[in-house]
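Both complexes shown next keep chain A, but they swap its partner, so chain B is in the first and chain C is in the second.
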Partner chain A sequence: MKIILPIILVVGTGGLMVLALLSGGNARGTVGVAGGSAVFTPSATNPQLALHNLLIDVQRRHWDHAYDALSKTSKADKEDFIQDCTGSNGSLRSFSSLEGFDPRPLHITDDQADMRVALHWSTPVGPIEDVRDIHLVREGDVWRAVWPEYKVPMVPAEVIPVTYLRWDLVTGTADDQWGSKNVDAPRVRIISMNAVNTAEGTIVMGEVVNEDTIPAFVNVNATLVDGAGSIIDEETSFDKIDHILLPKQVSPYRIDFPNVDLNKVKNVRMDVKAALVPASADPVIGVMDQKIDTDAQGKSVLQGDLLNESGQTVNISHVIASFYDNSGKVVWVSDGYVDRALLPQSSEPFAVEIPKSVSQKVQNFHVVVNQFSLARS
Partner chain B sequence: MRHVIPICEVLCFLGVTAPQEIRAPQEVVAGEEASIPTTGSGKATLYLFGPGVSDKRDVSLGDDIRLPGADLQNAGQYFAVVCSSACRSASFFVSAAKPSSLTFMAHPSRVPVAEGDAISGVAIPFDKYRNLVLSPETVSFRLSAGKSSIFSRSVPAADGIAWFRAASGKSAGTLQVTASLNDLEMLRAVQQVASEPCNLRITGERNAKGILVRTEPVHDCAGNPVPDGTIVTFTATADGEKSTVDAPIKQDIARAQIAASGLAVISAASGVVMGNELRLGVR
Partner chain C sequence: MSTEKNYARPIPLIAVVLVALAVHGPLLLMQLPSRSFDANFHMFFASHYAHHWFNPWNEKWFAGFSQTTYPPLTHQWIALFSTVIGLKMGYMLVQLIAILLLPVGVFRFARIWVDDRAASYAALGSVFIGALSFLAYQAGQLATIASAALYLNALPYFYEWIAESRKLALLKGVVISLTAAAAHHVTLIFGVVFFAVPVLWTACLDARRRLVAGSLGGVIARTAAFAVAVGVGVGIVLLPYWLALIQHPIQQMPIPHDSRANYLLNSTIAVNYFVIPYGALILALPFILIRGSSSRRLIPLLCGFWLAFIFGLGGTTPLPRWLLGRAYEVLTFERFAFWATLLAMPLVGLLAVQLLDRFQTRAAIGLSLAAVGTIGAALWWLNANPYRPGGSADVEPVIAFLNRDGHDSYRYLTLGFGSELARVSTYTSASTVDGDYNSARLLPEMTHYGSAQLTNAKFYGSAGMASLRAMLEHANRYGLKFIFVHDPYYEPLLTFVGWRKIETFDNGEITAWSKEDVPPAHQISSDAVPPAWQGLMWGILPIGVSFLAIFLELLLLDRRRVPVEVSVPFHEQDPQEHYVA
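Right after this comes the complex of A and B.
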């Protein structure tokens, strides 16, 4: 009797371990796995399994194992492959982890396969989806992924003169007498507002301008009021606005009210708050080659390239775009983060989605870039 | 005032009897001593009530009751009740002393040039006990830029407040706004800033990286340079693609590098002001 119970426990534990190793399937829910070892990986006898094994290794950061599983015809060397997956230069990707993935085959023959995989990254600014097409080849009995070339932008050594321009705040040292220390808050104005009903709820969007000669930290609030005058909900623009507006700068804003039907809303109260903040006019980021196109998934997107015209690295870029109809009304505001760092004088592509219902109406657009630099935070 | 008669009634009910007569002082200034003449004889009790003040002490009827300045520092209505065989009351008003400080607020702290009624100022005189001075003192307001005077006006205070409105000047820079009353003078600064850009003009040239486009020095219609940091948005359209750069003005000029290769149409805007359009062909 003394021996039977330990034997049952050991056998039961061993059985559970084997069961856990064999159960693959959906890779979601493994957030935070950064170490450990793959005790058992099924042989990649088909392209789906090969891609699955590879992405599990990427998820667990088993770089040796993952790189060994790639085809020798891959153009990426090991360091590039790792940087492609982990990011560099303090980019958003370097603070992200692969939460899950959804692969689907595009084209499969006996020796070749093309797979499309949606990579679900968990990031500090929320989940980000990255869609990639990966080519796989059969080498003997094993399928291997051909990892595309990834080149980390090489920045040549150069000196970039900067006419440093920034605003500092000085708190007056005069006595506390009324009126002796007042500096007015920046003058900002909402120049357009549009409320639309969507399947997810009500969205209030528009644009705000800093009309003053000093920088402003801006936040837009909206309150939905029903027919009886009662408040239904109130929200702020949160990160869907370029908060720091330099003089004469215009930013889109968007405020989401999930699960609120616009038909029940009688009135929308808008409120813009502006505060005086220290700010810098650098870096300047150009938005090049903007055009509305269709992406690989058939979605309508506004895409282009962000060009860092300054001499400092921009770690995280946030693109906010407003879309106008032919009368100049803002019909949609969309945003997205770029998960690669913007090195000095280099560019990175971006794309923000436009809903199908809106894309037909869009005649023009305006893009602003919000940027975060670790060196200045 | 409503409490005086009930207070008298309460004091009389408690057995305190009335003096023959008391007379309120005519003009009392805050912080200065005053006296209340009484008639009759014997001992009595003085009750003094005023803004932030209450006092009770024994007095002799027939003598003047001396009220020290320390008891009369707050301007407003005071009540004196003297009780012996009966209670008698009198009220008097303590007015503010001569102005010893001037509170001055000028608004706004920044103003575009050449705007009518854009600058306002309010001055409020107080005495040394922080009482609002209600007498019609005359406050002089003066606006000056550097050594030149732009505006000057003397305004009598009404109910303790003097104010003015004035147009902003034509030149950007610091505007000194002064309010003075007798030997008191308060100084505030209003920053006059350039108005909207006027005649925004751009030039451009191709270089190895694309197109380098820049504005001519950006001024308002009065010739003031638009403040550095003001955003100028350059927009280039080439081959059906649009490129935009929000570039800040630095040393009167905004410049941007645009990566456009084909025939490009470039425009610039700052706020609501549009600039000229530039066409650059293929290199």
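Right after this comes the complex of A and C.
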């Protein structure tokens, strides 16, 4: 027993540790905190392992290790590689953490491989998936990723005249909060509403207009009522609306009711709340080259470019699009965030998804862009 | 007196307690634990008891929750002390009492297996355990420490009762066990496996070898009697807790915790949950294994240690997941490392005896350096580790804002406040939809996602942000009008969902955000509100058993028990197996 028991305990502990490693042990640390290095990292003897090791290093923000694992034929230098992964200029990517990834091979030979990887980012506005194709080469016994060139756009200094409209709110007392309560609320009206049943539940969508001559903070609420007059659920437009509407501006809205069957709904009560707020037309973001197309994964998308026409950086852009059928009815509202910052006078591509069942009905669309700027927050 | 003779005597227990006081007293006077993860949580609970002793329904978190979901003893003691010395010093005092009880418990527990001298070294070593400092100053697990200390004090009575049939030991053992359960039930439940089973196993061995008065059958029968008494007692003392658990079993989505990770795959987690808690004990592991296997009486202790050690490794081995099933996703595993170090202490005491006998002053210096290095590393790690509790902002303006102009008629949320959330909650009359105690959450916006506090949402990735989005979507439902942000990470979301910045505090460190059209908060109906009789039970029984335990200890003194087996220096017992640890 004196000899056997220690041996059993040591071997048993070691065996259990190996078992945990072989069964894909959890290496995750807290999201957003640089994790420690692994005591055990398998050698990149195949493309899958090489990509896995690289993305684990990216996840843990071990940039030295990650960059050393790239092929020397990579066109990105270390700073560009880091900025490609972490974002720059206060963009959405710079707030994001790589939460997970799903790689799959596209094409593999003895010394070359192409992998497609879906990168799952955790961001302040919700999860975002980014699909990238990565080329890998075999160098000796190990495989290495060839990171493509990435250049952070450099915007030269120039003077941009500010000629946009701006509304300030002058309050009588310092106690007033941001929405003014001692003046009439702006006139805001829902100009269309459509409720549809989907696999995820009921969706209420449409458009709202600010008919007044002053800017309005707008929120649209919907209440579903059943045949007996009981309330089934109440929800709001949340981030699927441009909350600040300038005079005469129209915004799409969409309200989701997860797990509610539209067939059980007898009535939909709509309620639009508006308050007077200070606002500015600046920065103006132009939507260019919009078209409905199919992406690399075969999904139907509305894509185009956002052009920042102002002189200030727009850190995060939010695209909300309403889609109309041939009778002008709103048949879908879709939204998406752009994970790169919009620098002054520069453009970035965007894409929002349209369900296959809807895309055939779409005859027209309208895009509005909401924005977040660190300088103005 | 020669140096050799100096080291040949046990250290008086009072001296060990004074060392504990000298080491931890100043740290607690400096209020070092006040920035730990859970200290504000404990003070928040205590504050409620201070104001509503017999009403465990607390409206300030989760739009209302029952404090019967957490054993109340340590919180009630803080509440009692707070009336004299304030909440924070009340916490420090209860923590100090728990820390002072620990070496006493370790000494008495160790004497089941080793002589007074080794037991005194074990007790002295327990003052410097890295895991103790980790739990006290980084994690703030007051209840775990208090319960473990009490349980270690109860177990020698358990041994005396089952081995020697002493009725006073039965009485004291049961009452102190109930007190331990009233401090932290989880410690008692797992303590049965890790601590009580080795004691029972040892008593059975002693009975078979006729080293004690009782027979083997008697040991088993008295164990059953003790178990029934403790089981029934815990059932009654914590009845409101069990009823709350039965009514709302923990069915929420598992919340990730780093202590469940594979330490081999992440060195920072390994340092946090293995190197720091064990410290210099890592060097003693070979000795613990070999010495623990060398005697039949020590094998139960070794097995208890090994099991707790494996559990303390979290996801580094699959054993905890296999054995615990669903509970694996609910528990955190740093406490198992603490229990493992406590179980190792009697064997470490033996190691100290051997080293001192052999190397005298050099060994004393080495052991002292190892002990000081271990606690020093744990204290250094408080500021060095990337998981250190955040929240250095001044939250007083937030508290003042909520307490003025009727702002407390709405609910609020903090983002990026970490454990400071509980501090805000303690001192404001407003209530929040968030809270710092996972097991009490019933709101679907929180239980349906694998995330803990909303204030820390970003650290739980997409699940955390989804939970936060769900809560913000239902802001009107809960009367949630004010959000205080101490991390610009959350500002884009708030901007896009229609919240606007209205004020800044602490030179812009904290910003206040508000939303129009939110109606004042109303009471959220819940079936978890405990009836009045449960409030009475909760206010009387747990604190009552602790008073009873104190009176029994002070009024009914023990006759000193002679240890069953006085350990023989290793080189005399097994001269053929010399080694140096």
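Here is the rule we use: the second predicted complex is superposed on the first by the 331 of 377 C-alpha atoms of A that agree within 3 Å, B and C clash if a C-alpha of one lies under 4 Å from a C-alpha of the other, contacts with A are read in each partner's own complex, and residues count from 1 in each chain.
Just so we're on the same page, a contact is a pair of C-beta atoms (placed from the backbone, for glycine too) under 8 Å apart; a residue touches a chain by one contact, two chains touch by 3 or more.
Computed from a prediction, not measured in an experiment: that's the story for all the values here.
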{"item": "First, second, both or neither for A:Thr109, with chain B first and chain C second", "value": "neither"}
{"item": "Chain B versus chain C as contact partner of A:Asn221, first or second or both or neither", "value": "second"}
{"item": "Comparison of chain B and chain C by chain A residues contacted", "value": "C"}
{"item": "First, second, both or neither for A:Glu99, with chain B first and chain C second", "value": "second"}
{"item": "Partner chain in contact with A:Ser230 - chain B first, chain C second, else both or neither", "value": "neither"}
{"item": "Common ground on chain A, meaning residues reached by chain C in one complex and by chain B in the other", "value": "177-179"}
{"item": "For the chain A and chain B complex, residues of the former touching the latter", "value": "163, 165, 167, 177-180, 182-184, 209, 211-215, 246-250, 281, 284-291, 304-305, 307, 309, 347, 365-368"}
{"item": "Chain C - residues contacting chain A, complex", "value": "256, 258, 260-271, 289-290, 292-294, 296, 299, 302, 306, 310, 313, 315-319, 386-387, 405, 458-462, 464-466, 469, 472-473, 476-477, 488-493, 495-498, 500-502, 514, 516-517, 577"}
{"item": "In the complex, chain B residues that touch chain A", "value": "103-110, 122, 188, 193-194, 227-233, 240-248, 250-251, 256-260, 270-271"}
{"item": "Complex contact set, residues of chain A against chain C", "value": "1-6, 9-10, 13, 16-17, 19-21, 23, 25-40, 60, 92, 95, 97, 99, 120, 122-127, 175, 177-179, 217, 219, 221, 234-236, 238-239, 241, 243, 273, 275, 277, 315-316, 318, 370, 372, 374, 377"}
